[in-house]
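Next up: some structures, all given as structure tokens.
Two complexes come next, and they have one chain in common, subunit A, joined by subunit B in the first and subunit C in the second.
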Partner chain A sequence: MNFPVLKAAAYALVHAPNILLTHGTTQLLEGAKNEQSQYLKELPSALRSFDQAAAYPPNQAYIGAIKPKDLEQIAQPWYEQKLESASRFGPYGEIMPEDEFYALMKIVDVFDLIKLEKGFRAEIQAKLEKHPLFDQDDLALLGPGADLEDLQKMLKADASPMKIGSDLIGAVAPAHDLDQALSASIMFENLAAKASAVLVLRHLFRENGIDPLDVDYIIECSEEAAGDMNQRGGGNFAKAIGEMCGLKNATGSDLRSFCSGPVHALVSAAALVQAGVFKNVVVVAGGATAKLGMNGREHLKKGMPILEDLLGAFAVLISSNDGINPQIRTDTVGRHTIGSGSSPQAVLTAVVTDPLERAGLSIRDVDLFAPELQNPEITVPAGAGNVAEANFKMIAALGVKRGDLERSELADFASRHGMPGYAPTQGHIPSGVPFLGAGRDLILEGEIKNFMIIGKGSLFLARLTNLFDGISFLVEKNPGLKASAGTAPKDEVRRIIAEAMQDLAAILDQ
Partner chain B sequence: MDLENQRRIKEIAEKHGAENVVVVLGGGEAEASGLAAETVTAGDPTYAGPLAGVSLGLPVYHIFDLKQIVDEAVWEEQISMMEMVLDVDEIIKEVASFRDRPSSG
Partner chain C sequence: MIKGKKVVILGDRDGIPGPSIEECLRPLDLEIVFSATECFV
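Showing the complex of A and B:
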């Protein structure tokens, strides 16, 4: 079978400590309940600087500067380690500072809802001129800049603040005076999702030498809803993002399924390519401002820095088979069905062992599993445990039950077939997708032959169903195009013979 | 514990009477299971939800406590994998510490 391939992957993080304070829902709810909150008073002192966040080993793994497995060699807590080799830019993308990100939000704001303070605007233009992804056309979109007084007037008219420390450097105006789906805070959230997606998508093209004009379709899979009061999730982030990245030949749409959304999007992209509907499909997602500082209370209580200070974004290109890049086995897609049941055992059976069984493979045959890859330093102090490790243990236990593994192999299964979690807790970001870049490289380098991406989602959070969700697929080394190359000439010969017979018939008719 | 779950448990206990309700937990970790057990006995320790300051004193068990009374086939299909993975003794101990407190009534 001619499978689609994983052609490229890009990753970006945005350091957003001030957005955490102004737009993280944990902080907003705390402020609404108690203006004098001790937590909110102490929180700023526990925020990290950009350099601290950039040098944090899991973040360096996310942008591809180190391999996920390298984290096993770094002593925990990682937040006390500083990677000396750390750089803002990595092979897969970058970690962007907050001031530049505010400017990027303005660049992607086609409805002119954002005003930047004049002095800040001048400073940030000088910084962005040095950035490899932005040209003069982008910088012209920064607009003329506004006086501080104008920004304060905007805030009185329900605008949402953009702050650096105590300085007000900009504001996002509401896009409608009464429509809550277009309020300033929703527009802030959506513009941040759009801007971070634009950042990562531009990296995808630049780092991989891909022409944006070759892309046919975009599937956007963040956790936000773009729309108005008549259709709150109407869309369409995909085309709004593509427009800012020069994808003039593409159309697109948005796909949602809580944390498993990206894996659904990847399966859809792979299917579109394999069916021959499109040759090149991009899957992209920006970050979620609401989740910034989600477990801040617990981190602060345990004397840790606030680690959820980053927006996460990723972009992946799925293309028709080139005989080189790792292929997506669309014949072994695992899926949690409506009838599967919601116990962890039922979910993992549906997404891991059922598809392997169909493919005639054992758990042992999969070199690496990439399930929910939340950074444990974020989740363990918050009482949610080591999510990645729990997944590897569960997969191993299923393997023992199936007879694929010996019970004695349970203990070291995670180190042989897994990896430490390293993704920011941005909902849709940790579910398998952070590993697509590193996994692709490991296959191309001959280090592994395959890996499985597993997405899981908590659908009950929307209060419409108690169902859980899960979907998975296997990526494997490309065996080359030999098989299809053998059949192509045969088809060509048949076509030539058929044409010759038609010509002969025409001559005979005459 | 999830605020919505606190609201539902409170409602069920009020409707049927605390003496007619048993809470069965499925948490994967001792500390989190303990917090849930504390919430339905002494009240929400985080003071965030509807059970803040409300001591329902409900009898609370983890599903691991109930292996003897669960159908073997169901256990095999639904729980056996997690039984292999989780720290069963630690979870049972933690939940029991709240169930057996005098204030849990």
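Showing the complex of A and C:
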């Protein structure tokens, strides 16, 4: 059987401290409860500059400038350890400053809901002209720019502000006067998700020399809902994103399952490719403005900078087997079923040990596990613990229970088969998928032979079920192409057709 | 000490889920008035 391959992966972050203030739900709820909130007064002083956010080691790991394991050698707290080698651009993508991102939101705004202030618009065009991903056609979409007075009038008509510090540099108008599914704040959220997905998808093509016209299908897997009041969540982010990246031969759809959505999307993409329905399927997701500053109160209380100041995005290309790129073992997909149970042990049994058992593998046979990779510097001070480490401990405990590991191996399991968490707490972003790029490289470099991607999701947040969710798959070194059973090589087919044509010619001659 | 009390349960998806806490409390003579699991990641 020729499995589908992980052909390319790209990652992007957007530094968004002002969007955190205007659109992060923690801040919005705090302001609604108490306009004189001490937290909101102190918050701006704890926000990071772009240079600080870009030099933050976990962010450099996310865009591929360092390997995730390199973080083990960097003393914590990482926010006091700026990487001297840090750059805005990395092998997998970039960390984009907020002003350029506002302009990108305008570029992807096909309904002309966004107006940018004239002076800002002129300044940002000069910056974007130097960006490798944007051409004159993109810059023409920035529009003519608006006067500040016009923006203020928009705000009085329920528009959503775009700010840099205290400066109003733009506004997003509501897309309907009464429909709450098309309100300015929802349109801001959806345009930010779309823009960050466009950014990372363009990087996927540019960094890997892939022709967008070769893509057949797009699966978008963020946690946002695109639609109107009659079909909230109707979609379709996928085609809206593909339209801005030149994927003229592709169709697509959106897939949702909270934080595990991306792994469901990857399994679906792999299945479509392996079944021969499509040759090249892109899985893509942009970032969530709502989650910016989600644990800010706790970070501020502990005298830390506000670390949840980044939107996350990723894009992956799954293709038919080329004999080179790491393959996705579609025969060892782990799944948390409705009957699995919701305890952490039940979830990891369903998504880790059950599929390994079916494949006749031991936990020891998997070189690296990539479960929820939230940055512990964000989650530990907030009281949620070290999420990645908790996963490794539970996997190790299950290994001991199965007899795969000795009890004495528990202590260093995380350092041998895991890695530090390094992804921003952007819901769907940290759950396994940040490691696809680094894992692919490690296999191609011969450092590891395989890794397991684990997605987990909190379905109970939608208040429709108390169920949890989880799904996983194994990625391994490509052993090279095999002739599939029941199919003949091309030369053999040509020979058979040639013989049949000769027989037909002989009959016609008679 | 908690006999007859009303209980509000807030579970954590990275710790103990709400339904698990409910199961532990169910044999006790108390009233669970709200139970949910929250997510902070």
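Convention: the second predicted complex is superposed on the first by the 485 of 510 C-alpha atoms of A that agree within 3 Å, B and C clash if a C-alpha of one lies under 4 Å from a C-alpha of the other, contacts with A are read in each partner's own complex, and residues count from 1 in each chain.
Keep in mind that, in the parts below, a contact is a pair of C-beta atoms (placed from the backbone, for glycine too) under 8 Å apart; a residue touches a chain by one contact, two chains touch by 3 or more.
Note that this is a predicted model, so its numbers are computed, not measured.
Once both complexes are superposed on subunit A, the partners subunit B and subunit C clash. In the superposition on chain A, contact of A:Gln231 is made with neither subunit B nor subunit C. Of the two partner chains placed by the overlay, subunit B and subunit C both lie in contact with A:Ala390. In the superposed model, A:Val400 lies in contact with subunit B only, and not with subunit C.
Once the two complexes are overlaid on the shared chain, A:Leu348 sits against subunit B while remaining clear of subunit C.
Once chain A of one complex is fitted onto chain A of the other, the partner contacts of A:Asn208 are absent, as it touches neither subunit B nor subunit C. Of the two partner chains placed by superposition, A:Ser49 touches none, neither subunit B nor subunit C.
Residue contacts after overlaying the shared chain place A:Gln76 against neither subunit B nor subunit C. By the touch criterion stated above, A:Asn295 is placed in contact with subunit C alone, subunit B being left untouched. When the two complexes are laid over each other on chain A, subunit A has residues 343, 383-385, 390 in contact with both subunit B and subunit C. Contact residues of subunit A toward subunit C in the complex are 259, 294-295, 342-343, 372, 374, 378-379, 382-385, 387, 390, 425, 427, 430, 458, 460-461, 466, 468. Those residues of subunit C whose C-beta lies close enough to touch subunit A in the complex are 12-15, 17-20, 36-41. The part of subunit B that touches subunit A in the complex is made up of residues 4, 28-29, 31-32, 35, 77-82, 84-85.
Of all residues in subunit A, only 341, 343-346, 348, 383-385, 390, 393-394, 396-398, 400-401, 410, 463 touch subunit B in the complex they form.
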